[in-house]
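Next come two complexes built around chain A: one with chain B, the other with chain C.
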Partner chain A sequence: MAVENRRLGFAMFFPAAAYIVLLIGGPLILAVMYAFSDARIGNPGYHYVGLENFRSILQSPSFRAALRNSVVFTVVAQIVVIVCSTMLSIALEKPFRGRKFTRFLILLPWVAPISLGAIGWKWILDSIYSVITWVLIWLHVYKPYGAPMWLGEPKLAMASVILVHCWRLIPFSTVIMLAGLTAIPKDIPEAASIDGAGFWRILFRINIPMMAPIISVAVLFGTIFTFTDMTVVYILTAGGPFDSTQTLPSLAFATGIQGSDLAAGAAMSLFLIPVLVLIAYFMLRAAHRAEVT
Partner chain B sequence: MTRRGWRKLGPGVAKFATLATFVVLLAFPFYWMLIATFKQNIDLYTVENNPFKFNLPPTLDHLKLLFFETRYVRWLGNTALVGVIVVIITLLLAVPAAYALARLTGRWGQRMGIAIFLTYLIPPTLLFIPLSRVVAVLGLQDTIWSVVLVYPSFTIPFSIWLLMGFFKSIPKELEDAAMVDGLTRFGAFVKMVIPISTSGILTVVIFTFTLVTQEFVYALTFISPESQQMVGVGIPIFLVRGDVYFWGSLMAACLITSVPIALLYNTFLDRFIAGFTVGAVK
Partner chain C sequence: MAVVETRNLTKVFKQGDLGAVNNVNLETREGEFLVLLGPSGSGKTTLLRMIAGLESPTSGEIRIGGEVVNDRSPRERGIAMVFQSYALYPHLSVYENIAFPLKAQKVPKNQHKQKVEWAAGLLGIQSLLQRKPRQLSGGERQRVALARAIVREPRVFLLDEPLSNLDAKLRASAREELEQFHDRIKTTTIYVTHDQVEAMALGDRIVVLHKGEVRQIGTPEEVYDQPADTFVATFLGSPPMNLLEFPEIIVGFRPESLVPEGVIPGAAQVKLRFRVNYVEYLGAERVLYGSLEGTNFESTEIVARLSWTMPTGYKAGSVYDFSVAQLDLRFFDRKTEKRTTPRPVTWQ
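And now, the complex of A and B:
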């Protein structure tokens, strides 16, 4: 019976496993092979060139800017997202009239396709017809035609990319934290309340510390989504102005696909791997800890 | 007001203010799409006009342009077709695999389950360069079949993960009883387990479909002709002619496409979140 089960189990699992190995494992190996070759689109044949690609991309200013931006965007966005979504999840926790609809509105940025949300922002941040510019002129912060171009100046463009990442991730982190909040045993804050602790004290001494594991899950996913994303950058700025918003994925796309240099593009995207491995490690640790307790 | 009074009032006001601020910030782009959809071009492109109100009467011109003079409807069709085929492939492969890992393989299955979950963390931006060559070698470049081939590579892992949890929650006695009645293990899976799992399977269907509509990187990489586009790439890339943005139609397309997907996703969201947080919340 047990042997029979194992055979059937293998037969039922094999097709899915084969698909994943062929379309994820295979390409992953191919990416590493490309990174050590001089492959270009339209130039088949494999020539091993050792670390040549890594040497040349590490010397390229665009690549260094991309590496730095990827880290900065990810870290800044995560910090903003944690603070905002902790506040938001606590505000949303208790039932109130219209909670479902409020939750839907808050979730829109996450559940709508990101390429469409990003193009919506591109209109909001337009160089001439931006609503933000109009409001600032109306408030007399800027003179007419004197406002900056939000996506045209390096610092502002970087801030815009981070803003859109936060806009997209806050809803996601909020629902994850809501799921975590409902799992906190209610008797502890209640007991504290009976003992005379106020709302804020319970919040900072009990609820937030107890949310720590779930916050870490939200951060792990958020890090992956920001660090590996190229959609937001590609649509908002295409890496510009002057590579100031280029990230690893967007530069890999510009080099490997648009620039036909498969080898250099593949080498750039491999720089994502250390972060992914780190995240996988923490994810497994979180899962393991939950299993033990 | 007394200090005590402030303390009592504080949390309620703070909550309301937090909610109101975030609702406005998060939903604003969609409200802005709605306004642009119905504004006349002269109104949209006059810098002095108050952008929050209709300075000229609303118009349906942008919608007419979108539906009759662009390939938008074609992109919707492409996306729906790809969505349906990818859903079928995902179900055929993920449902049996998830059952196998949940019931038949013991410790070994647990480890495979975690391995499967980890493959979900591998992003398209790591694989799009090699996959673009795979797609080219197979002759699928510039057709929707390229994404039909590649999308299951990320829909299958998460679907297996979701369904594993679902199958584990079904009492074992149900299958045992069916097998005592003469069904084989596989027969019990097909005749007993699948019918009572419809809500789990439906979740996977919706999840897969929304992922297909949201994907951008692979579709952008593999497909260049305008007529073969998926909606997520067609709108932001091909509704722009040269450097000219047709903002009215563009925003209309974003809104009309996003809202149904958002409604669908929202209905099933709690189950997806359960999938994301398995292990961490207990």
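And now, the complex of A and C:
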């Protein structure tokens, strides 16, 4: 009986374990190995070169730009996402007519495949067919042909990439926050209102501090999703114009796969690991410290 | 201090449903301790929440200190409330919890420390000021909640079952403290409970609620001795009043009024043959469960409650001579179930 159970357990466990080992563990080990070699597509023979790859990418201006862009992209997107999702979750918490439908609508961007969403946005922000530009011209904000190129100017392109990423992450973050808000016993904000606190005091002194642990979970996930994401950048701008929206993952992809320098690409993607580990550590510590009840 | 008044106060949660609170008319007295008593679902908490401003009435009026406050937010009503869960702010220390109403009401900062210490001193929690609520016991949390309520000296206190989260032993001592506390501050207090012992012990007057309606308002003596209807008669007292349904009328008497014959000398008495089915020994008293032999109520369970000073030795299965003083009988109309004048009835 016990032996049978163990076999059954192993059989059930095997697919998941195999999936992780083959599709995550394997590539990770390969990436580490490649990062210390001079492997290229077409010449994947192994030749150990030590830290040479890391030295050269650290000196590369495009890598430094990508690192800087990644930080800007992540930090700005997270601030926007957290502010918006906090507001949304508070607005969606109290019952009103059509609340379920509104919640469903807000969740849609997260459910839809990101590549399709990003392609849609590419059209919306297109230099010729952009509906945003059409509307702005129709409102006489811009003259025809004088409208900004949303994806063609470095600052606007970064803003556009951030906007689309926020559009995708806000629903996810809102759902986490809603869960956090529902966990606050209703009588605590009620007690605060009787104690004389108005909307803002209840929000900033009671609700948000009590949501702190759940907010830090949302920030942790959001940061990781943002820092490692390349879909939005790749589809909207492919890193351009002039590398102004190139982030670490998209640069690693461009260098390692498109540029066929496997070793440099692997070294860049390894660079993400210590950063993510640090973020995760601080976030988990914050979540732990802000214990509720 | 202020008088709280409700006029035809009604709350209907869902259109078409029965009201949670129906046409309630109340008026507290200055500095009074008024208890709202009723079973769960009787509307007592809804009534309190309307007075607090957490729930808006469907119709009717709420007045505090003579002013209609229906359209005022909770913060503008000059009330303080203690919740069943105490609703302490978990991320703030005890000091910050007590100081919160002062900050929220923009009391000058230099008075905070002195006021918090005054409130904490009144409740004996000075040593806990630096702790977080999760580091406190149930009784300590309750005191912090009370301190937070009195710190800004409200006109009215609202308490929603503040003792129900304490264990039985602590509840008794907390009840006593609450009584002394009210004696000291003398603020008009409205207290919600489903526990009739708490209501009797604490209340200057008791409002008995059932299905959103006021059944009786009176002092503890009045609601216990002169119940307005059969609901009040059976809700107060444990075990409840014995009720016997005669063709025209319902007759009731308290378990402690049914005593062995000869215990109450003189006076007009109803003699009854009491068959004991079961005896419960509770130390200071014994509760006898049985039925009345030779009457039309042999299938109705009757309870007698004998204090330890009375004769002992009752055995299950035997029949004894008991009696009830005429004056202890209460009469209720069969249709309306309301109290009515005594009239002669035939027991056999």
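Just so it is clear, the second predicted complex is superposed on the first by the 255 of 293 C-alpha atoms of A that agree within 3 Å, B and C clash if a C-alpha of one lies under 4 Å from a C-alpha of the other, contacts with A are read in each partner's own complex, and residues count from 1 in each chain.
By our rule, contacts are C-beta pairs under 8 Å (C-beta built on N, C-alpha and C of every residue); 3 or more make two chains touch, one makes a residue touch a chain.
Nothing here was measured: the structure is a model prediction, and the numbers come from that model.
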**Request:** Would you sort A:M210 into first (chain B), second (chain C), both or neither based on which partner it touches?
**Result:** second
**Message:** Touch test for A:C84: chain B only (first), chain C only (second), both, or neither?
**Reply:** first
**Message:** With both complexes superposed on chain A, which partner does A:I176 reach: first (chain B), second (chain C), both or neither?
**Reply:** first
**Prompt:** Between chain B (first) and chain C (second), which, if any, makes contact with A:S244: first, second, both or neither?
**Reply:** neither
**Request:** Using the superposition on chain A described above, determine whether A:T102 touches chain B (first), chain C (second), both, or neither.
**Result:** first
**Prompt:** Looking at the overlay, does A:I279 come into contact with chain B only (first), chain C only (second), both, or neither?
**Reply:** first
**Request:** Using the touch definition from the top, say if A:G198 reaches chain B (first), chain C (second), both or neither.
**Result:** both
**Request:** Look at A:S260 in the shared chain and tell me whether it touches chain B only, chain C only, both, or neither; answer first, second, both or neither.
**Result:** neither
**Request:** Using the touch definition from the top, say if A:S56 reaches chain B (first), chain C (second), both or neither.
**Result:** neither
**Prompt:** Same chain A residues contacting chain B and chain C, which ones?
**Reply:** 198, 290-291, 293
**Asked** What residues on chain C touch chain A, complex-wise?
**Response** 52-54, 73-75, 79-81, 83-85, 87, 89-91, 100-101, 104-105, 134, 148, 152
**Request:** Would you pull the chain B residues touching chain A in the complex into a rising list?
**Result:** 7, 10-11, 14-16, 18-19, 22-23, 25-30, 32-33, 36, 44-45, 47-48, 50-52, 92-94, 96-97, 99-101, 103-105, 109, 112, 114, 116, 118-119, 121-134, 149-150, 152-153, 156-157, 160, 185-186, 210, 213-214, 216-217, 220-221, 231-233, 235-236, 245, 247, 250-251, 253-254, 257-259, 261-263, 265-266, 269-270, 273-274, 276-282
**Item:** List of chain A residues in touch with chain B within their complex
**Value:** 4-6, 8-13, 15-17, 19-20, 23-24, 26-28, 30-31, 34, 84, 87-88, 90-92, 102-109, 111-121, 123-124, 126, 128-129, 131, 134, 144-145, 167, 170-171, 175-176, 179-180, 183, 198-200, 213-214, 216-217, 221, 224, 228-231, 234-235, 248-249, 252-253, 256-257, 262, 265-266, 269-270, 272-273, 276, 279-280, 283-284, 286-287, 290-291, 293
**Message:** Give the list of chain A residues in touch with chain C in this complex.
**Reply:** 185, 187-188, 190-198, 201, 205-206, 209-210, 212, 290-293
